[in-house]
Amino acid sequence: MSAFLAAAGGPELAFPVLSMLVFVPAAGALAIAVLSRRRPEYMKLTALLASVFTGALSIWVLQAFHGDDGGFQFVSKHPWIETWGISWHLGVDGISLFLVVLTGVLFPLAIVGIDPHNDDPARDKPYFAWLLLLEAGVMGSFLSLDLFLFFVFFEIVLVPMYFLIGGWGYEGRVYAATKFFLYTMIGSAFMLVSILATVFIARANGLGRITFDLIELAEGADFAVSTGRWLFFGFAVAFAVKVPVFPLHTWLPDAHTQAPTAGSVVLAGVMLKLGTYGFLRFGLYLFPEAARWSRSLWLTLAVIGIIYGAIAATMQKDLKRLVAYSSVAHLGFIVLGTFAFTSQAITGSVMQMVNHGVSTGALFLLVGMIYERRHTRQISELRGIQHVAPIFAAAFMVVMLSSIGVPGLNGFVGEYLILIGSFLTARWWVVVAATGVILAALYLLWAYQRVFHGEPDEENRTFPELRWREAMTLLPFIGIIVFTGVYPKPMLERIEPAVGALIEHVSDRTGYVEPQPAAVVPADDGADHADDGHGEEG
Amino acid sequence: MELVVFVLASLMVLAGAVGVIAYRNPVHAALGLVLTLFGVAVHFVAMEAHFLAAVQVIVYAGAIVVLFLFVIMLLGVDRSEDLSIEPFRIQRPAAAVISLGVIGLIVAAVVRAAGTLSDDPGTAAPGDSNIRALARNLFSDHVLAFELTSVLLIVAVVGTVILTRRVRRGEGDVR
Amino acid sequence: MLDLVWLIPALPLLGFALILVFGRRLGEPRAGFVAAAAVLGAFVVTVGVFLDLLATDEHHRSHVVTLFSWVPVSSLQIDMALLADPLSITMALFVTGIGFLIHLFAIGYMHGDPKFSKFFLYLNLFVFSMLMLVLGENLLVTFLGWEGVGACSYFLISFWHTRESAATAGKKAFVTNRIGDWGVMLAMFLGFQAVGSVSYGALNAAAEQGSIASSTATGIALLLFVGAVGKSAQLPLYLWLPDAMEGPTPVSALIHAATMVTAGVFLMTRMNPMLAAAADYAPQIIAWTGAITALFAATIAVAQNDIKKVLAYSTVSQLGYMFLAVGSGAYVAAVFHMVTHAFFKALMFLGSGSVIHGMHHEQDMRRMGALRLAMPVTAGTFIIGWLAIAGVPPFAGFWSKDEILLFTLASSPVLYAIGLVTAILTAYYMTRQVIMVFFGEARWESHAEEHGAHGEFTPHESPKIMLLPLVVLAALSIVGGAIQLPSFGIVPKAWRYKLEEWLHPVVAPGEAVIKDTAAYDAKSWLALLAIACALAGIAAAVMVYGRRRLPAVEPQLLADGWRYDAAVSSFMGGPGRRMFDAVAWFDARVVDGAVNGVATAVRGVSGRVRGIQTGNVRNYAGVVGAGIVLILVWFVILRGVL
Amino acid sequence: MSPTTTWYLVLAAVLFGLGSFGLMIRRNPLVMFMCIELMLNAVNLSFVALAREFTDIDGQTAVFFVMVVAAAEVVVGLGIIISIMRRRPGATVDDLAELRG
Amino acid sequence: MLAQEFLGPSIDWFALSPYLMTVGGALLLMVVGALTPLWPRGLYAGVTIAVSIVAGVLSLLVWDDIADGGATTLVAGALARDTFAQFLTLTVLVATILVVLVTDGELRGSDGDGPEVYALLLTAATGAMIMGSANDLIVMFLGLETLSLALYVLAASDRRRNASQESGLKYFILGGFASAVFLYGIAMLYGGARSTNISEITTFFRDTVTVGRNDALVLVGIALLLVGLAFKVAAVPFHMWSPDVYQGAPSNITAFMASVGKAAAFAAMLRVLVVALPFHRDDWRPVVWVLAVASLVVGSLLAVVQTDVKRMLAYSSVSHAGFLLVGVEAAGHRAGELDAGSGLQSVLVYLMLYGVLVAGTFAVVTVVARNHEGDTGLDAFAGLAQRRPALALGLTVFLLAQAGVPLTGGFLAKWGVIQAAVDEGSYAVAIIAMVAAVVAAFLYLRIMVSVWLQPSPEGVVTERVPAMTGLAVTVAVVITIGVGVWPDWLLSVTESVSTYAR
């Protein structure tokens, strides 16, 4: 069968690096918790050490990763709650690899890059503790191969994020934090029921015992068509909220706008990916049939999200809010690629998750720096910054261009792969989605013009230039942006095998045949003809 | 004969109950309660539960009701309660409906179940040995329950101690 | 030498890197020289490659250099590869060559600008992107350059970004170009789906073998044309070009006359087999778009007073000409005109730049006149450019324009007529400009006081470094026609159709054959007619502006460009904006409102239910009793009786 | 004819219903308490009746326990009532409604 | 007739020892404590805890015996000697210990101190244990009364506040009503099954085939029993008393009601429904379903609009009752079968963990309350994190656990219940429960907001945290997190829990 089985056992490592990825930050959080609150400088140091160490580990994983293997690697599996067939099962494959690395890299930068704006340094203590806890949670969600474990991490990340937004956010923070928490929780409520149902139904047909192990469930169980669809729906709701997919997105602008800069960076950088990643790892993998069946719905919502998010972004008066809405649009692309079911599209989606993390993360950092200097996020109050802070403006420009998707920068490669891959199976959606590229240029350039161009007025005349620490923080981002844009091969060749294996799995289960270019889409795949309007020529 | 006893006793019971509900003065209500209790005792006798009948009269009518009256006097709350006014308009009709519902449904069930019950129930036990049988049962099968009652009484005692103790120590209590 | 093709874009990139790192330390003018040197180096390499290609025989005149695998995902394998063939090298030659000259000019022009080095930073980056565009071996590499030049033009147009208008113009250019890019991307997707590759080789080969459905070919061709329309400022997307004149003049010369705007034409030529494989209406659409644009822009140019605006509209018009050629299958003519136009239009832009420089950044022609005395060299070169564009033999413009008209007539007389009218108008408005700027009485003294800032006001000739490029370009404008001489009796056989031979391997599939058509036979007469038209236009202009015999017809409608721009922007500012606002409102009120609505509803309901909890025991007992009744009903009636 | 068990059960039900009715309409805590006693008696009545029906002494034993419980309840209940009435003489349950919502 | 000689039932004193222990402790406290002057340094609490611990150990030993010898009944079938009973006993004792710690922190040195409260707590605990292990409805009723009477008194025991007395009276009147109903139910069931002994009832229903549903008395009995129990577990619509009583009673007593009271009531419910009446499961399960949904919805909804923390927690406990009822409903699907599903187990786990949680929560509430003269409004909690970060953290853990956030006991409890429900295929109630949990989460967030995100108002003195209360909170936190992270032992233990029936 597919490569997943082969790798299920995986190369059992003597050194449980993945578990370390989860535990190190957690331990750091614990250490900070016990540190004396009178020495705030230690807090940051500890946080930095822990996160940097985690980052180093993730990098090590990256270089030790076997690129040509589509299965899970560094698998570590230990029984946890045997009575319920739950195990501590971690593993990384091409799909999760770069998200893990991104997480590992993003947190140190978020910690070093920008300080929480708060009155008394004593409050740094919980801030950093929560941040590290968040990192542990995110890592766990990306690594876990056990439904229960995944749910645990998926839920646990809400708590630190809630406190980060609520504790160090801006004027409307409590509202935003609560909205974020409850909204996401509603989603996961459905997922919880779905997970349990999956497990029991799987026991009924196929497995014969209770297990929450993702691989066993995906490979061993086969659900009746309608059942699978219901179960998928349960998962999908949770992920759709997290992504967020079009009508469920309104928590995001509030959360992003109100969160402290580091919070926004992490939120945009990695947490939103929990949703899209979940779709790939659990939606498509567990319920291929349902995913295929409902694809036109998701494609449509994704496209709506792309256009709608862009338009909404254009009209925002708050810079952070604008970036938030741009996230809605970008994640629309990712969802589009996910449900296109072609190697290019899905590979592009995975890559775009990372790209969006990098560029939007950097954008939020920059906006945060602007706020630090001017104590406002209102576009109308900013003018002509490029005149007084050209380097700052240049950094912003690069990041913005990658967000717009200019070739040679990372954003383009992902978007391009998604679109070209989706074009094979979802032509007309792509035709519409591509217009999102125009709108992206529109709203970002307009914002840039209003903020950076023109004659600076009194308040902005004294806008400080980029500081060294900030420059050092942004440098990695820009480095990644350029490198990935010019030479994405190393990334693609690690992602692609896993994606291939996933598609192979889908094909095994649904008889879906991935359309190859220059070949007419097979007739047995009726869905495509149906929702592609007029069939394929050429 | 039994029929007559039943009817009379039932009348006592119901009349008493109505009294409890309807008398505006708590003292009268208490007397109504006594009437009911006696009626029930009569029924017990009719059903040859002599021991229970006795206990009913002694404990209930004797002790409990007296306790009630005692408290009433002690607190001087014997001023009558005006039943003509009812702050919650729907309370009484609702209460009536509910009570009638309870009665009606249970009666319906009882009547339905009549088939399972014999027309002429035998006697519980020969009159003289009723007490003996009760005692035997009490100290064999239900000995634990019997012991539990003692715990129950402890609770009652301790409870009163707590409720009243601070009256002695208590600060700022109108005495 | 051929394998060194990668050096061509690499050198400007190197220059870019150097200036990026050391720009501030280099400062003026060294940064400028570094940049110029980089481009010059690129030019030299190009020439080398050109000679190599010339040496090889026509069937092997295409050399691919693969740098590395760029975007490889299963069936999609895209390399970062460069293609050296006649077409790309031709483009590269004048991109680097003219680019170099413009760099030199800019060193003088940008003198004293605080952001001197940054200007050359962008300039080098632009040249790099442009070279990637033309040298790309597949659509994606081209697209890289395609967007790159877009971004650079954005930087350069809004170079003086403290000017609100400049910033807006830059944004407008970028966004409008993006609309075109949409088409290019979809074309790539369609091509990939049809052929499984986006490399020119594969696509064109498939087109030539007809292994690609004509509907698909049509789709690809038209989508690419959408891109071309955006890049090359054709109707309806030409709007950004006139505004782009907000940028420094060298930018206008480099980007908006010589190189970038011709990218569209280049792309169509590059994909000519696809166009050939497409349905018949595809080329016609292109031709008509070109023709209408040409005429349309020419009419507007007639009424402009800004020295650069005139040139801008004339550029649009000339690009229309090129598309007219492409649509008529005259690819060689198109490229020919692209080259000659690059010469004389760059020349005139630089000339205007020199004028503006000399006039202390005065651009209004009504405040000029008689400048030939103040700046003779500029005037002289400019006049050469004028004659070239007006189509006066033997200047370069005449030959290319004549060839285009010839092919046009072969395809459709109506288009030919439009072409002729455009030619007349072109001659007319260019003459008008020359007269307004260099002849007549000096109208600038009357405005001297406005320039009182820097002492008494006298226009002055520009420094040598600015004049040198003018001279070179003037020379090219004179002899440029030689690369593709028609078969007139006077022309020696050996000199004829050089460009056509050279380009043949590339354009062969799509090139229209007009031998033994009526037009071909009458070509000499056509030439004479063209000359007549040109002279007529000139004469009319002289009558109006020189001799003042006739009243000037400059209706406001034309001055406003048929109010097209105004209409578009009022739509964007009006309904368009309202639509966007509506969406934002919808999001805040409806989508988010629903969410908050739920919350409010919950609170409301809770508040109601809360009322039951009156705190009165008797009510509680009532509720309990009600509960009892309900449960009894279930057990006794529903479960018992029934 | 002699009254069957059913008769007694019906009577008990009526008595129980009356008790609950009183509980709902009376405001004096003491009287409400009496109503509870009525309900307990109803229970006793049915117990005894059923015990006779089955000629099974368990029912009577149960009644015995009920009486004890009743006694204990009275002690506690009156204790609570007293402690309240001390502070707020003549208070009815309607007055004791500070806790609500 | 001559009197045959009397034979008492054989009595397994060892199996009874936990109950004897607690009762004995109560007596000791009453007798000795009443005769001697006020004991210093919380000796009452010490004794109580010691007694409880010993009782706990004893019940563990009994558990061992059962594990070897199997379940039996005690004292002529009055009590069931099964692991179910022992687990419930342990639950009750753990909760009792926590509450006693809090009580000591609350009362020591105050004029309320004395042996009586502890004695009552112990007897109440005994009553609860009896309810959980009763094998005879009469015995169960007596246990229930023991518990309830003690609670009535304790609720009213704070004479400083009118609210306390009001709550005591309300609880008493409604409680009396409920026990009368419960008793009537017993009578009717007796009429239907000719016995009050659970084992005999079960056998009776197994052996007699009821023809044409003429078991009307049984149905009425079940109905009334259900009402009585629903009242005790505070399930909607029989919950009316709980908000007022929870709010009015002293916080430590509220903790006792919420933990021990609920546990005992649910244990009794399981005994009656699952053990005694498995053959009528189709009759009662729908009612439980309705009760569950009602409790979930009403509890969460009303909790949202409250402003008093104790009242919020009261309503949230109503919705928790809803969750537990979901478990009961699940247990109802296959009640009496050999493979009875995990419903029973899930309820037990929930009871244990919720008991600890709620005890800990109210422990914190007591501290805050006494700092604000008994005011437990939200604003009393404002800025608690600044004054007492550790305490705030503890409270946060409890609240998150109640909200069902992973790695806490609360999450595990919810998971178990939902798992049981889903296992039985009742998805609807599972989803309703989860959504209700989200709604309820809002109120925990509200409390956390005022604790963490609101500044401490001017002039609020920092709370004094009595050592014992602090200990209680710590223990509760440890258990909550510990079980949340490493639940396997608890689950495997409860998996083996069985009831003596058949």
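Per-chain numbering from 1; labels A, B, C, D and E assigned in written order.
We adopt the following convention: contacts are C-beta pairs under 8 Å (C-beta built on N, C-alpha and C of every residue); 3 or more make two chains touch, one makes a residue touch a chain.
Since this is a predicted model, take the numbers as computed values, not measurements.
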Task: chain E and chain B - chains in contact with each - done: C, D
TODO: Work out per-chain C-alpha centres and flag the one nearest the whole-protein C-alpha centre.
DONE: A
TODO: Look at all chain centres (mean of CA atoms) and spot the one farthest from the centre of chain B.
DONE: C
Task: Higher-contact pair (C-beta pairs counted), D-E versus B-D - done: B-D
Task: Centre-to-centre distance between chain C and chain A (centres being mean Cα positions), rounded to whole Å - done: 37
Open item on the list: Measuring centre to centre with CA averages, how many angstrom lie between chain A and chain D?
Closed with: 65
Task: For chain B paired with chain C, centre-to-centre distance based on mean C-alpha positions, whole Å - done: 102
Task: Length of the line joining the C-alpha centres of chain C and chain E, rounded to whole Å - done: 79
- [ ] Give me the residues of chain B that touch two or more other chains.
- [x] 91, 94-95, 98-99, 102, 105-106, 108-110, 112-113, 117, 136, 141-142, 145, 149, 152, 155-156, 159, 163, 167, 173
Task: Shared-contact residues (touching 2 or more other chains) in chain A - done: none
TODO: Could you check chain C for residues that touch two or more other chains and list them?
DONE: 610, 613-619, 621-622, 625-626, 628, 632, 636, 640
Open item on the list: Strictly by the criterion at the top, what is the full list of touching chain pairs?
Closed with: A-C, A-E, B-C, B-D, B-E, C-D, C-E, D-E
Task: Residue ranges of chain E in contact with chain A within the complex - done: 389, 400, 405-407, 411, 415, 418-419, 422-423, 427, 430-431, 434-435, 437-438, 441-442, 445, 449, 452-453, 487-488, 491-492, 495
TODO: Mind listing the chain B positions that touch chain C in their complex?
DONE: 88, 91, 94-95, 98-99, 101-102, 105-106, 108-109, 112
Task: List of chain D residues in touch with chain B within their complex - done: 1-11, 13-22, 24-28, 30-31, 33-35, 37-38, 41, 44-45, 48-49, 51-53, 55-58, 60-61, 63-65, 67-72, 74-76, 78-83, 85-87, 89-90, 92, 94
- [ ] Give every residue of chain D touching chain C within the complex, in rising order.
- [x] 20, 23-27, 32, 93-94, 96-101
- [ ] Under the touch definition given earlier, write down the residues of chain B that touch chain D in their complex.
- [x] 2-3, 6, 10, 13-14, 17-18, 20-21, 26, 29-30, 32-33, 36-37, 40, 43-44, 46-49, 51-52, 55-56, 59-60, 63-64, 67-68, 71-72, 74-77, 79, 81, 83, 86-87, 91-92, 94-96, 98-100, 102-103, 106-107, 110-111, 113-114, 117-125, 130, 133-134, 136-138, 141-142, 145-146, 149, 152-153, 155-157, 159-160, 163-164, 167, 173-174
